[in-house]
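Some structures are shown below for you to check.
After this come two complexes, each holding chain A, first together with chain B and then together with chain C.
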Partner chain A sequence: MAEKVREGRGAEKRAGRAVIDADVHEMFRSIRDLAPYLEAPWRSRIEVADGWPGPPGLPYAYPQISGVAKADAVTSDGSPAGSEYELVREQLLDEYGIERAVLTGGFYPTEMQVQPEFATALAAAYNDWMMENWLECDERFLGSVCIAAQDPRAAAREIDRVGAHPRMVQVVLPTIPHDTLGKPFYGEIFEAAVRNGLAVAFHQGNASATAVGLPTYYIEWHTAVAQSWQSQLIGLIAHGVFDRHPDLRVLMIESSWTWVPSLMWRFDYNYRSLRREVPWVKRMPSEYIRDNVRFTTQPMEYPDDPEHLYRMFEMIGSEEFLLFSTDYPHWDFDSPSQVFPKSFPKDLREKILSSNARKFYDL
Partner chain B sequence: MPRTYHQERYAVCREEDLAPGEVRPFTVGGRRLAVLRTEGGSYRAISDTCPHEGASISRGAVERMWTSDEVGKYCHAGERVVAICPWHNFEFDVETGLTPNVSPRLRIKIYRAEVEDGEVVVYV
Partner chain C sequence: MAEKVREGRGAEKRAGRAVIDADVHEMFRSIRDLAPYLEAPWRSRIEVADGWPGPPGLPYAYPQISGVAKADAVTSDGSPAGSEYELVREQLLDEYGIERAVLTGGFYPTEMQVQPEFATALAAAYNDWMMENWLECDERFLGSVCIAAQDPRAAAREIDRVGAHPRMVQVVLPTIPHDTLGKPFYGEIFEAAVRNGLAVAFHQGNASATAVGLPTYYIEWHTAVAQSWQSQLIGLIAHGVFDRHPDLRVLMIESSWTWVPSLMWRFDYNYRSLRREVPWVKRMPSEYIRDNVRFTTQPMEYPDDPEHLYRMFEMIGSEEFLLFSTDYPHWDFDSPSQVFPKSFPKDLREKILSSNARKFYDL
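Moving on, here comes the complex of A and B:
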């Protein structure tokens, strides 16, 4: 029976269709996995009994049956879903014939309220741990550079240190709630990304919040948290990041994407009125979004009429705009076989499943 | 033979009637115009009806266009001047009728304006 189910899901593999997954979360078993990759004085801060326990998660008691994990991705020994390479290979890479999987982590020192030097050391340790334990395991994995953006100069040094790895494709930043990362203060990060041929990706972290902070229920947070990407995207444009770096590639991961048309309309309209406030912004905001920014598919929306979803896509005005993603091993995983409504033409599905990512990451 | 259009000459005011940076409405030949004097002392005439929602441009402002090559720094874009609509603050370059950096979907009509014998004259 299980065999049959697997065959049904592996449609891409059987059909010879390439799939590139732009959002896969590799996890460590515990923060202590990073200890061997830390130098003094930081190693002892997590090695000692009752030392630093790791960053706090979202404060919600998850109502999902397996917490944030996809229930069938739960490990046998109780370590976090996504922490066993063999299971990732079996359930994702082999199951769906994934050609490339971009590892996006889940450990973002940028959002951690620890000593900035400790955050910088944690980012470097995470990169070394990830390269050794994941990139070296399987050539299908591509990596994201982990940084601590609160010290932009040190973050740029870290990007220079590991960005030359042939399978590092981007720098990943969490959608922090207390600042916009497009500010010139963070400029060295974008300079380093461009210098190393890397994209910059934004993903929600455990500090990401809505316009009212952390609302009462998880369903409220999960529905409204797209606001955190919207604020970061608006900030990148308003602070002239794309004017300083016309070749910068930005990816919004797990933000959902159907809000993009209305944001472009509103931002363009405001630009006509308020350009005088930000005269360093030289083009219509929607032009930067179409030319420089891409979004991932997951979490896909499910309107009652699938045609409505395709119309939303058409309103954005670029077939290169979306990159397929599963969000493995999380509970709201999207399957490459099932995620597209029939309203999406076949050739467009192929672009979203692989060729858009291949072009974006220059694979 | 290309068709030529005859333009009527209208003297709307004395040149000293408009202060630098001032914009005033005039109705000539059945059209509502906003006639303005730039800070540099030249005169321009544009439609007084904003192509966006029809507000009277002459109730807005005239200023030198702002530009910048660095976040937080402001400088003037040479001698370029914009009329700013009183509603929504859309900017219109008084030389081209276009909004800066924006595709030309909204363009305000511009008219020839001259100073002749001390009078501000527009051709409509």
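Moving on, here comes the complex of A and C:
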């Protein structure tokens, strides 16, 4: 593996810097790739001609403006970007000297409004497909457990089934618009994650919505969609998930993060006035965020004055809360060499590129 | 009027400081107070025994934790806080030496899902009731035009009808969850506001929701509800409302405001990548926010280090964007003497307490 890393152009540039990428999307070419991993009767639902094309809304509800993918990441046979291991290795792992890349997928059976048993079967098939076609290809890959949260007991069984894989590091959940995943109904998912030493990561899904539902334009959705993580985060705290699981580690992927100080202040203020509504919440909301929650870099914000960006770290009160991510292969990909403003403090840069993730995932 | 102001205890404390309060809720005792201002057939709908009690959800969907009102603002006969002029004068205007108080109501026919013609009639009745029972009582009061936005043409007529009142300063809209008020469908409302020299103010309504709809607890809703203004603000910009009306002044009331830098950065970043989706938007989103939009202080955020709070002004790039407000008579009322951290810069304090509002409303 070390050989491969040294081959890349990026590795030369970045010798000695062990970058960890917390958000890489491995994709199937089509949902039919999962057929071999499904048993009857599920297999037939996607195998027949004109079969089921997958959950609605994939990849997004909006006709694409910038495309979902980096233009150069689409494969030579026209398959979706991120669906070919060799290209991911070349364009990402080797190019940028990535030591570890956390695969986060992009397939969320949790969003299926119908047939929860099928959703559960699809999640298991996806995990088997992913382990065989990605984790086994390259030791640099770390995996996320796909589940169907609408059946929390089955989801917990799936976490127990595949969570023992030595390179599974987290459970991934989409920020669904119709429910708060911190509710007791979903409790077994968090129990299983903690029992298996896994973090729980939240990523926007294809159904993620905002305070006005699905707004008219993609630029509106993309600007406001951080709200979907905010609401899930607020829900986790208000429902006492961190009180029940003080060691639970939560990662917010692609949520952006410069809204965190404002939310911490507001939530703490409200906690002082309103905590008797949620007496099981024992600490200030900002403490759970600081101790148990991490965020990824992509998408970075770029204020005119870069100092404003790292002021945010002071406001949050931690230099550990942020993990580097590329969001490969999507259009708003960030490279480790260009993501930070030039004046960004060097030691903070190193923490974000590597040691924060190392600590969070106990690598 | 000057006599009255000098009588208050607050006036002595604050001699020479002409505080303007941008958010005071005048309330009716019951929706039946509007009956004399309605004609047949509308009048009978609220006049009959066991008649219509008002739009659903008033005042909030949640059983109250802290109550909606300051405990001492409830009237002696048990009527809602804010429903008795003499008490408002005593507790607010005189007590704090308020020179001008913008009445923002708390009655939003825009939220009615049924009978738009009745909603339109109610808005007009509310305006007549408010002008007669509040604006005429005290010259310190400024008024907001109540409308039913679901019929934009009728709303525009109502703005034309009462907007000429010399102390009407704005149209007030609730941050509805089911639509973006920047859509062309609502265009006549903004045209009428500009035509009448009025600002357009957004206040949360009783239906305002978040990215997960109505979350489980009030503390969640109250922490996340800023999302409802964010989405409306994003929608105004994306739909080109400020391009059509470069002089339109918009006020976000009770939205909190420390999320503004993050949203500006994110929106500008997206504009650079995605602006071809909305080619009618000619300037960077942050420019519209800085030039056309203002926010009110209440609820203030209180970071441990107060310096973080006024760093936000640097990040937004303006000291004009914030107007003082008390939110009288609600439980999270802020007084002008206690709202700012002790170390808050004096000249900025004065701008927020007075001159920013004076300029925004051209007083």
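Quick notes on this structure:
Everything that follows uses one rule, which is that the second predicted complex is superposed on the first by the 339 of 363 C-alpha atoms of A that agree within 3 Å, B and C clash if a C-alpha of one lies under 4 Å from a C-alpha of the other, contacts with A are read in each partner's own complex, and residues count from 1 in each chain.
Basically, a residue touches a chain if its C-beta (ideal position, glycine included) is under 8 Å from a C-beta of that chain, and two chains touch if they have at least 3 such contacts.
What you see is a predicted model, and the numbers here were worked out from it, not measured in a lab.
Once the two complexes are overlaid on the shared chain, A:280 sits against chain B while remaining clear of chain C. In the superposed model, A:271 makes contact with both chain B and chain C. In the superposed model, A:240 makes contact with chain B only, not with chain C. One of chain B and chain C touches more residues of chain A, and that partner is C. When the shared chain is aligned, chain C comes close enough to touch A:332, but chain B does not.
In the superposed model, A:315 lies in contact with chain C only, and not with chain B. Applying the stated contact rule after C-alpha superposition, one finds that A:217 touches chain C and leaves chain B untouched. Judged by the document's definition of touching, chain A residues 239, 268, 271, 273-276 lie at the interface with chain B and also at the interface with chain C. For chain B in complex with chain A, the residues that touch the partner chain are 66-74, 77, 88-91, 99-103, 106.
Every residue of chain C that touches chain A in the complex is listed here, in rising order: 65-66, 175-180, 183, 208-213, 215-220, 222-224, 226-228, 230-232, 234-235, 238-239, 256, 258-259, 261-263, 265-271, 273-278, 285, 299, 301-305, 308, 311, 314-315, 317, 331-332.
Across the interface of their complex, chain B is touched by residues 184, 239-240, 268, 271-276, 279-284 of chain A.
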